Each structure stands twice: as structure tokens, then as C-alpha cells.
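Both complexes shown next keep chain A, but they swap its partner, so chain B is in the first and chain C is in the second.
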Partner chain A sequence: MWRYLFKRFLLMFPTLLGVAVVVFLLIRIIPGDVVELRMAGDRGAVSEEILQQERTRFGLDRPVWEQFLTWMAGVVRLDFGTSMWTGAPIWEEIRLRFALSLQVAVMATTVAVLLAIPLGVIAALKQDTWVDYAVRIFSIAGLATPSFWLGIVFILVLLVVFKWLPPMVYTPFWVDPWQNLQQLIWPALAVGYRYSAVATRMTRSAMLEVLREDYIRTARAKGLWQKLILWRHAIKNAMLPVMAVVAVEFAFLIGGLVVTEQVFNLNGLGLLFVQAVAHRDYTLIQALVMLVSGVFIVVNFALDIMYAWLDPRIRYR
Partner chain B sequence: MGTLLSVEGLVTQFITSSGVVRAVDGVTWDVEEGETVALVGESGCGKSVSALSIMRLVAEPAGRIVAGRILFKGRDLLQLSEEGMRRVRGREIGMVFQEPMTSLNPVLTIGRQLTEGLEIHLGMSPTDARARAVELLGLVGIPDAARRLRQYPHQFSGGMRQRMVIAMALACEPSLVLADEPTTALDVTIQAQILELMKSLSRRLGVAMLIITHNLGVVARYADRVNVMYAGRIIERASARELYAHPRHPYTLGLLRSVPRLDEPIRARLDPIEGQPPDLTRLPRGCAFVPRCAFRTDRCIVERPDLRPLNGAEHVAACWEVERVAVGGCPKVAMA
Partner chain C sequence: MQAIISSTLAAVVAIGLLLGAQPVGAQEKPRYGGELLFVVPSQPPSYDAHQEETFGVIHPMAAHYSTLLRVDPFEKTGTKPIGDLAESWTISKDGLTYTFKLRKSVKFHDGAQMTSKDVKASYDKIIFPPAGLKSSRKATYGSVEAVEAVDPYTVRFRLKWPESSFLLNLSSPWNWIYRAETLEKDIRWYEKNVNGTGPFTFVEHVKGSHWVGKKNPDYWDKGKPYLDGYRALFISASAPQVAAIRGERAHIQFRGFSPAERDQLVHALGPKITVQESPWDCVLMVAMHHEKKPFDDKRVRRALTLALDRYEGSKNLSKITIVRDVGGIQVPGTPYATPPEELQKVAGYGKDINKSRAEAKRLLREAGVPEGFSFTFKNRGIPHPYEPIGVWLIDQWRQIGLNVKQEFIEASAYHPMLKRGDFEVAMDFACGFIVEPDLDLGRFVSDSDANYGKHKDKVIDELYLKQGRAVDAEERKKILRQFEKRLLDEEAHIMYTLWWHRIIPHSSKVKGWTITPAHYLNNQLDTVWLAE
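Presenting the complex of A and B:
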């Protein structure tokens, strides 16, 4: 198992390098650059000379491979440089927003898993009864409801019915946990509902599949209690595909919540991403993509570890 | 010795989109204590469903036992509560399935899967159950048991897994083991080993066995009595010796001619029975074997023959033309 995990671990680095190359080249294909956009406010009053000067300042005049190597030299020291738009160090720009996005993702995952696993398991056990139908309606509704819309509903209900609005200014968890949770629980619920719908469907179908397996029939033929068959023989096998779905969703949440963040007035990574692209803020975009794909890759590695832990066929490879 | 299991008029059906599948259509047979009985027939004739019906593990809700009695040690299993039935499964009737590759749980150790029945049915402590598990693996010929118990199914070969499944079925010392094609998925050499093992264990432990197979060659050496099944019904029953010497149903005759033999390395030419088994949703009025039968007459098409005794009550066959079969039959396969 250690060899297997070590191999998966090493594989993370070429993957990240691949991401770096692709993002570096792709953003340079989008027309326009940060210099033009910054100067655009001056309505063409800026001379070509000044634009050139600015480009030289950012190193944009040098060959692409040289720019790339300079950037990579920083990246390996975890130095992502400064934002081309604001001039602030990238890490300063990202730090709080990353904490916020990560927290929302963790909370939404918790909500989703706590809902999905019991619901999915019960639906599978009571297949084609009203319980199953209720769960299926719950999860289809979850898939059909956009998270931002649900977020708006939450805010309206809190405001109109309870005459209360969640705090709108972000307080980090380490500053005031209570204030922080009051604020983030709502986006976490709004996002977690759709997320749990995806996971519920996966749990249900994985459970149904496992319950049809020969080894479940063997377990029944041994005269085990129904509960033991469920807990010992079925759940562990059914959790493998569910974990994969949860991992992908989790990684997506880190950078993908643009509209929901806007609804709750949260400065997360999603919004920052959109702004960075609009500004052609190359350094910031690069750093964000690296961060989000880094999370993705780490989550996948964690998934590999969990698979190995749950499934001996992988562990003893 | 008394009768251990007696299946009486069992009918098991599946409701499917293409109609009601009459998988087991009114069969009656029994197993004496300590005896080995074979249930033989082509694939799809209702052998597995018969065994699953006894365990009451027919896939619900599509499958249902519609009629009949299954008397086991005098009690009708079909009348037991679910909890009562659970106590019979694994404790009094063990089961060995066809596919050793899929019938063990891939994420649980061999030890766990072997001891859980002991803990539940016999109330053994984990330590006692473990000691018994070591003993059981020894019994089925798996060496190095202590280490093997910590392994997972994928670390076992097919033959070893089937030994393990047999150990599991025997764990609580049941009085009957239902073995559903226990060797079909295995290599020919391993098949013989497993069958020898089952035979010797059944002798030593006095366990009665139902061996389900589509291969009459298997039956010759290992069964005392044989039930031949076709399209959900028993069409012939006799002692293994009698059946081989004097098959009286054209279908049995065909089966004997198509037998691949375990003890014959260079195979004689096989004559599979021509034609297909009938659709179990649309069984004909007369004998279900008619379309494939070389002995058929007009009577066979309109009137279904029931099992009738021939030379003594021990040999029964469901055919109008038993006399002609007896004369015209010249099975190429002799008793092993």
C-alpha cells in the first residue's frame, strides 16, 4: 500500500506542473492585457510608449518561456508575486478569501454528507416505497434548485419572517466563531442542499447495487441479522463511489461559487477569480488556478488514501 | 434414517415484464439424513430457484413462493417467521454458491466472514470463534490457517475461495448443505478436488447434501440419488446407479450423451441436446420436452405425463414412452 500511495503522491507534482503550463499559456491567449485595461480608463490618452514601459515593468515584453521560468522559480518557493492590478502581494489578496471559501466548502460538505448517507441508505432499503419516493423528490428538487436562488430565499425568509439578517461583513472563525457561523451557515446550507442531492442519489444507487451483490446473498444465507448485513457487509462497499462524488464536489466548491458568494455578500475565491480574469491580472489568475487545482489534487490524494483504507484490493496491490 | 428435508409441490414464480416465469412448477423431492442428492438439469431449468426457495432467499418482490411445503426436520420452513428462518439459515442449512469470486465480501477478511456465523448462531466469543475458524480451514484443506484468516478474498485462488465458502457453510455444523453448482466456475482439476472434499466431509460429518449441477458426470460419483429437472419440473428420479444404467426419460438420455466427464481426459464426442429449453412464461399444455424429443407422439403434445414409478417405487419418470426409451436408449456413458 505504501508504494501505491507514494506513487500517487509523486504523481501530484507533474499534474501541478501540467496545470501551470496550461493556465500560463491559456490566459495569454485571451486578447488584451492588464496594462491596456488599466490604462483604458484614460480613454486612449496614453501613448504607446507608456504602455510599453508598463509592460516592461511587469516583464510582459520578454519571451513567454522566460516569463514562465521566472514565475515557476517563485512558485517553487511558494512566492506567487504581486497582483498586476492592485500591486498587493498575491498571498495577501487570497488569504482571507481562501479561508472563507474553504470553510464554506467544509461546512457544505458536512451538511451534504450528514443528509445524503442516511437518506440514500434508507431510500435504497425501502426501494419503491413512499420513503424512497420522498427521498427521490427531495434529491431531484435539490438538483433542480440553483444554490444562489435558494440563498436568496433564505435571506428573504430570515428578513421577512424573522426580521433578522445574517451578519454581512465577514468575520474569520478564529476571531469570533459564533458570528462567523451565523454568517456562513446559510451559504453552506444553500450550497449543501444541491450537493447533498448529488450525494444522496449516488448513495442510493451504490447501495442498491451492493445489495444485489452475491456476497450480500451469502451473508443472508449465513443467517446474519439484517442490521449486521447492512452495517458490516453493505455500507463499506457502497461508500467507495459516494466518496468519489463528495471529493469532486468539495474541490469544485473551493473556486466555483461565484453567484452564491455574491448573494451572501461573501468575498470568496469565486468572485476574486472573475475579477482577476476581467482585469487580465495574470499573476493573480495563475495563483488562483494553482491554488484551486492544488486543492483538487490534494483532495484526490486524500481520496486515494481513503480508498486504500476501505478496499483491501487496493491496499494490497 | 429419517427424512431430513422434503419439498412438496413447491411452486416459485417471478413476475416479470414479459409475464409470469414459472421457475419452479410444482416439484416434490426429498433428502434423507446424511444422504447426497443431486438436482440436475440444463441452465435455466429452476435449480437455483429451488435451492433459494428452501432458504427463502428468492429475490423479492419479483419472486414469490406461490404454493407448496418445505418440511425440514418436520417443520414447514414456509410457515416460519423471518426471525425463525434466520435461525435456520447458516445454522441448520448451509449454502455454497456457484461463484466463489463474487460470493465473498471483498472488503472483509476471511476470518471475519468465517467467524461471524459462529458468533451469531452459537454465541461463541471472538477468541473461540477464531480457534474454530482455524480448525475449519484445516478441515477444508487450507494450510497455514492462522495467516490465511487475516487475508482478504482477492488473495485466495478460486479453488481456495470455494474451500473457504464450504468451510463457511459447514461452520455451525448444519445437518444439510445446499451446494449450487459448487464447481462450475472452477478449473476441471480443481473441480474434482472440491467434489472429493465435499463428499468426504459429508461422510465424516454426516451432513446431508443437495448438489446442484448441470453436469450428470459429476453426479455419477458423488450422489446417492438424482433428480432430473426440466422446465421447472422433476422429470426423472432414481438412484445414481439406476439412472446411469437405465435412463427412462428422453431428456435424461440426452443429458447422459452430452456429459463431459471429469474422469475422462480425452473427451468422447459430445452430443448436446438439440433445440432450446422452453420459455418458462409460456409452457405448453403437454410435455415441455416435446419440441426436442425424438420419441414424441401425438399424446405428448396434448397431455402432460406425471411422474410414474417404474421397476419399483425408487425409479420414477414423467414420460409416456418409457418403454420405447428403455429399448431405444443406448447411453454411451457407462457408470464410472
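Presenting the complex of A and C:
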């Protein structure tokens, strides 16, 4: 097992390097650069002299390979440089937003798991009964409803019916939990519902598959207690594909809630991503892509460990 | 029912316009206390206004600073300079020397006394920046020969030629006065730090989230500010901005809302909302590339402007987007704006659109442009007001037999496209911080970096210089009319579409704030107070 995990761990580095090369080159292919955008402002005119002066300051006048090597030398030391738009260290730009995005992702995942697993299991156990149909309608509605739209509905209902709007400014949980939850519970519910729909469907079909396996029939034939069959043999095995879905969705939530963050005015990584691209803030885009890729890779690695724990065939391979 | 709702909305807006436009001292006694909450739709790249171009710097930070002069916060055209740090000033007879007496009781937020050294150091940084340091508005001070600190409380500007716009230019909201000693140690210190002499001190900036300021107890203008503090909330998307005002999480957004958003807020909040409106010192223009056929022919360019029914366009477009006024080279209603009767004599501004379009068709025939001639119009990929104006332009040009295809270019790639000259006809744009011909019209001189159509016109260049040096206002107006006639009519180098229209619906609790044509003005917040 250790060998398997070590191999998986080593694979993380070439993946990250590939991401670094692709993002570095792609962002430079897009027309327009950070200097022109920053200088043009609302007035729409700026001299070539000022543009050149700023390009030199950011090192954009140097050959691309030289820029890449300088950046990579920083990345190796975990120094992603400074934002070309604000001049602030990248870590400072990301820190607060990461905390917010991580919290929304954790809360949405909690909502999703709490809904999806019981509903999926019940639907499978009560296949083709009204319970199953109700769960299927609930989950298909979730799949069909974009989370940002649900977010807009939440905001409208809160505004129109309750004459109340969630706080506009993020307060960390450890500073004021009540204020924090008042702001983040709504996006967590909006995102968590769609997320739960995917996981519910997956749980249901995985459970149905597992319940038809020979070892479940054998367990039943041995006269094992139904709850024991369910918990020890069925759910544990059915969770393998569910874990994969939950993990990938979780990683996606870290940087992918672009529209939902706009709807709720959340100062998260998704919004920062959009702003960074709109500003052509090369260093920030590169750092964000590396961060989100890193999260995906780490989550996948964690998933591999989980797989090994859940499935002895992987562990003893 | 619809009519009743509409007329009620109109009445509420009209009352708001009347009430909201009144200066602070005019009716109620200011109340002390409270925190002003306002939305900022952009964010500050750095903290140094001398270098930056976006209102995302001015809105949250202007209240920390003072300027030498400022624009009168209660004057609606935003064109009247008054003293800020300057107590009084004199101008020499030849118009070449401006001497300012400074207030003596002004302190920086770190406790240091403000003197003429600070004013000189700040203006030296703006006008004569050291190599490698950017100064965004350096070019507008080309007339300044030197800035001198005569004594601790007297500062003098010596000019190379007289300039009628100089006082107003010194009222620029960007020209914050920094501490000389700090600049001496580190000229870039203000990019990441705040230390001004303004009515509010800096508390915190959480990037992407908010900016907080609190009352400066040592502010030189005793009795001000009225507010205990303010909190600027950075919200980029328009729907949450409206929601913030509607949900009373914010009192005001100082840039502007669309007509639909205004109506939505008025409808939802009724008397709790006050609306102030003004012509906006922002305009969309149409640049025609003078080096590309057939736009090298002034007859074609004139035909394009003659095709536009600006008055009808104003009526219809003002209902759906942030444009309204028909005007020439200056914001309507401001000192150097073209009087309506004169404007109607300029090509494309006549009231008889059929006559104008017949003339346009004749000019196209004369220039050898065939019926159904097609070209591509490049537009900036921003919904308001670019998209509706683009659609309107295409419809107008179709009326004279032109077949125009619109191509949207992503906002961030747009400016480079204009600079490369990679267009036949394209939307051009400008937003000013003070309505002043010197500041607004410099872009039309032949060697300007913003002359995207690449016209070469010595007459325009001379007229621009002449108007800037004309000391008498009436004489200056005459020159400006000649400039306008040449730019928009005889040569039709460029065409103005409609001036933007600024709409600020705000909580009725907000008092002491007056709208002006520029969204860069009136953000010092010293006169603002909150009613109970």
C-alpha cells in the first residue's frame, strides 16, 4: 500500500509542472495585457512611454522563457510573487478569500452529504416505491436548478418577504459565528442542494448495484442482521463512487463558485479568479490556477488513500 | 394601473431630485454621528491616486486626503474651484504666477504639521515624477515651470504660459497632498499606505471586501466631519449593489445606477429613497479610421454623423440605458457647453432628420460609396451603455443605406485594439474628472495617444492651444465653437453619440451630498451627514 501511495504522491509533481506550463503560456496568448488595462482606466488614453515604463517594472519586456524561469524559481520556494494589479503579495490576496471559499465548500459539502447519503440509501432500499419517486424528483430538480438561480431566489425571498438581506461583509467564523453563518448559510444551501442532487443519484445507483452483489446475497443467506449487512457490507462498498463525486465537487467548489459568489457578493476565490482574468493579472491567475490544481491533486490523493482504506484489493495490491 | 404606478414613481423621483439637490445648509441642521455605508463597484489597484485612473481609488480613499483646491461640493456643474488646503490665492497680472496661502492648522493623520513643503513635494511628484515613477496626469500640467515653497505657508506655481483651466486643474480630486518627509524617504510609500490631512482617518482595508474610515478629530475644518465614520463595500456586480441599497445594507453608491435599477429601488423603497440625477461627464464617441477607405473621405464621415437622429435616440435610449443628453464637446449645462440653438447648426444635430439623411445619402453618392456598402463596427463588450448604443448606431446607419456588422471585443482587449488601429469604425470612450475643455479635448490633437482615428489637423491643434490660453471666458467660448464646428462638422473627425446620464438613488437618510457630472468628485464626505 505504501508503495502505491508513494507512487501516487510522486505523480503530483509532473501534474503541477504541466499545469504551470500551460497556464503560463495560455494567459499570455489572450489579447491585452495587465499594463494597458490598468493604465487605461475610465479615461481610455495613456501614453506609450508610461506603458513601456510599467512593462519594464513588471518584467514583461523580458523573453517569455526568462519570465517563466523566474516565476518557477519563486514557485519552488512557495513565493508566488506580487499581484500585477494591486502590487500586494499574492498570498495576501488569496488568504482571506481562501478561508471564505473553503468554509463555503465545507458547509456545502456538509449539506450535500447530510442530504445525499440518507436519501440515496433510502431510495435504493425502497426502489420503485413513492419514497424512491419523491427522492428522484427532489434530486432531478436539484440537477436542473443552477445554484446561482437558487441563490437569486433566496435573496429575493429574503428581501421581498422578510425585508432582510444577509450581511455584505465576510466575518470569519472565529470572530463572530452568528454573523458568519448569517452570510454563508444561504450560498451553502444553494450550492449544497445541487451538489446533493448529484451525490444522491450516485448513492442510489451505487447502493442498488451493491445490493445485488453475491456477497450481500450470501450475507442474507447466512441470516445476518439486516442493519449489519447494510452498514458493514452495502454502504461501505457503495461509498467508493460517492466519495469520488463528493471529493471532486468539493475541489471544484474551492475556485468554481464564480456566479454564486457574485450573487451573494462573497469575497471568494471564484470572484478573485474572474477579476484576475479580467485584469490580466498574470501572477495572480498563475497562482490561483496552481492553487486550485493543487487542491484537486491533494483531494485526489486523499481519495486514493480513502480508496485504499475502503477497498482491501487496492490496499494489498 | 400601470399609468398610476408610473406617475407615482415619476412624482417620487421628481421630489427626490428637488430635495436631494439642495445643499446642506439650505434646509436642515446637520446631525452628528453614524456610519455611512456605500458601495464601490471597483477596487483600488494601489493607494496612490497620483498614479491611478480608477474611481475605485477615489471613492473609498478621498476622505483621507485634502487637495490644494477642491471643487465646490454643493455646485452641481462641478466646475467651481474653492480652497481646500489653500485659504486664499492671487494670480499675477500676466497669468503666469499663482500664489497660494495655506491654512495653518492642518495636521497629517500621524500628527505632523502640513506646510508648503508637503504641497510642493506632492506636486513635484505629480508634475515632475522621478524616472521610473508613473504620474497619470503629468501631461495636464505641461504649462507648469516650477512649484516653489516660498515660506512654510505659501506655495507658488510658475507657469510657462497663461492657462485658463489652471485653477480648476488644481482642484483635481486626484491631487492628494502627501507628506514631504515620507516621500523623501520612500517615493512609493503611498502606494501601500495612507496618511493624509482629510476628514477621516484610515482604519482598515480588507481586499475585495471593504474599506473603513473613522472621523478625524483633528480635522482643520472645525465642526466637520459630521459622520463618525464610513465603510465602503466593494461589490462589482450590479444586482448585489441594488440589493445592498434595497436591503438597507448600504446607503449609497456614488458612481451610478441604470434607469431600470433606479425605478426598481424607488418602487421598493418609496420615500426611503432619494434620487439625484445629472448629465455625466462620460461620453461614447465613434472613431473613424482616417487611414482606411472610405473613411479617409470627410464626406463619408459627415454622412455617418448626419444619419444619427440624436434627439429621438435620446428619448428612447434614456429609458433603457445610462445615456440621455444630446450635446457637443462639453457636458450639457456646464459653462462651456454648446447652447442648443448653436448645436443644431452642427452636422448631425439638426432637428429635421429627413433633411439630414437626404444630405448624408447625397454625400455618400458623391464620395462614390455604393448603396448597401458594408463595414464592421467594433464595440466594447460591456453591456451598458455600449451595447444599446451600438445597436442604435447600426440602425441609424442602415437608414442611409449602409450595411453595418457589429463586432464586440472583450473589454480588456478593447483598448489595445484601438491603439493598434485595428478597426474601420469603432466605439471610443471618455470619462472626465472635471468638466474642463483643456482636460476633455486634449485627446483630439493630432499627436495625442487617444487620437485613435489618426487624424492630422493643424487647425484643430492650433484651436486647442488657443482656447487653453484664452483668459477671457467669452473669447474662449468662441474658440471652442470653432473647434467644435471643425471637429464634428467640417472635418467630422469623430462623432459624439449621447452624453451619459448619472443616476444616484440613495437612502433618504443621506444628506449634504450633491451630485455633479463627474463620478470622481465629492467623495471627501466632510459635508455628508445621516438623518435619523
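As a convention for this text, the second predicted complex is superposed on the first by the 303 of 317 C-alpha atoms of A that agree within 3 Å, B and C clash if a C-alpha of one lies under 4 Å from a C-alpha of the other, contacts with A are read in each partner's own complex, and residues count from 1 in each chain.
Heads up, the rule we're going with is that a residue touches a chain if its C-beta (ideal position, glycine included) is under 8 Å from a C-beta of that chain, and two chains touch if they have at least 3 such contacts.
Note that the structure is predicted; figures quoted are calculated from it, not measured.
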Clash-or-fit label for the pair chain B, chain C on chain A: fit
Touched partner set for A:228, first chain B, second chain C, both or neither: first
Partner, of chain C and chain B, that touches more residues belonging to chain A: C
Chain B versus chain C as contact partner of A:31, first or second or both or neither: second
First (chain B), second (chain C), both or neither touched by A:236: first
First (chain B), second (chain C), both or neither touched by A:311: first
Touching partner for A:218 - first (chain B), second (chain C), both, neither: first
First (chain B), second (chain C), both or neither touched by A:168: second
First (chain B), second (chain C), both or neither touched by A:7: neither
Least C-alpha distance (whole Å) that remains between chain C and chain B when both complexes are overlaid: 48
Touching both chain B and chain C, residues of chain A: none
Chain B partner contacts - residues on chain A that touch it in the complex: 213-215, 217-225, 228, 232-233, 236-237, 310-313, 316
Residue ranges of chain B in contact with chain A within the complex: 55, 57, 86-91, 94-95, 97, 99, 102-109, 112, 116-117, 120-121, 152, 154-155, 165, 168
Residue ranges of chain A touching chain C (in the complex, touch as defined): 30-33, 36-48, 50, 53-54, 57, 85-88, 92-93, 96-97, 152, 155, 158-159, 163-165, 167-170, 262-265, 267, 271-272, 275, 278-280
For the chain C and chain A complex, residues of the former touching the latter: 43-46, 52-55, 132, 134, 136, 139, 191-192, 206-210, 231, 233-237, 239-240, 243-244, 246-250, 282, 410-419, 428-432, 443, 448-450
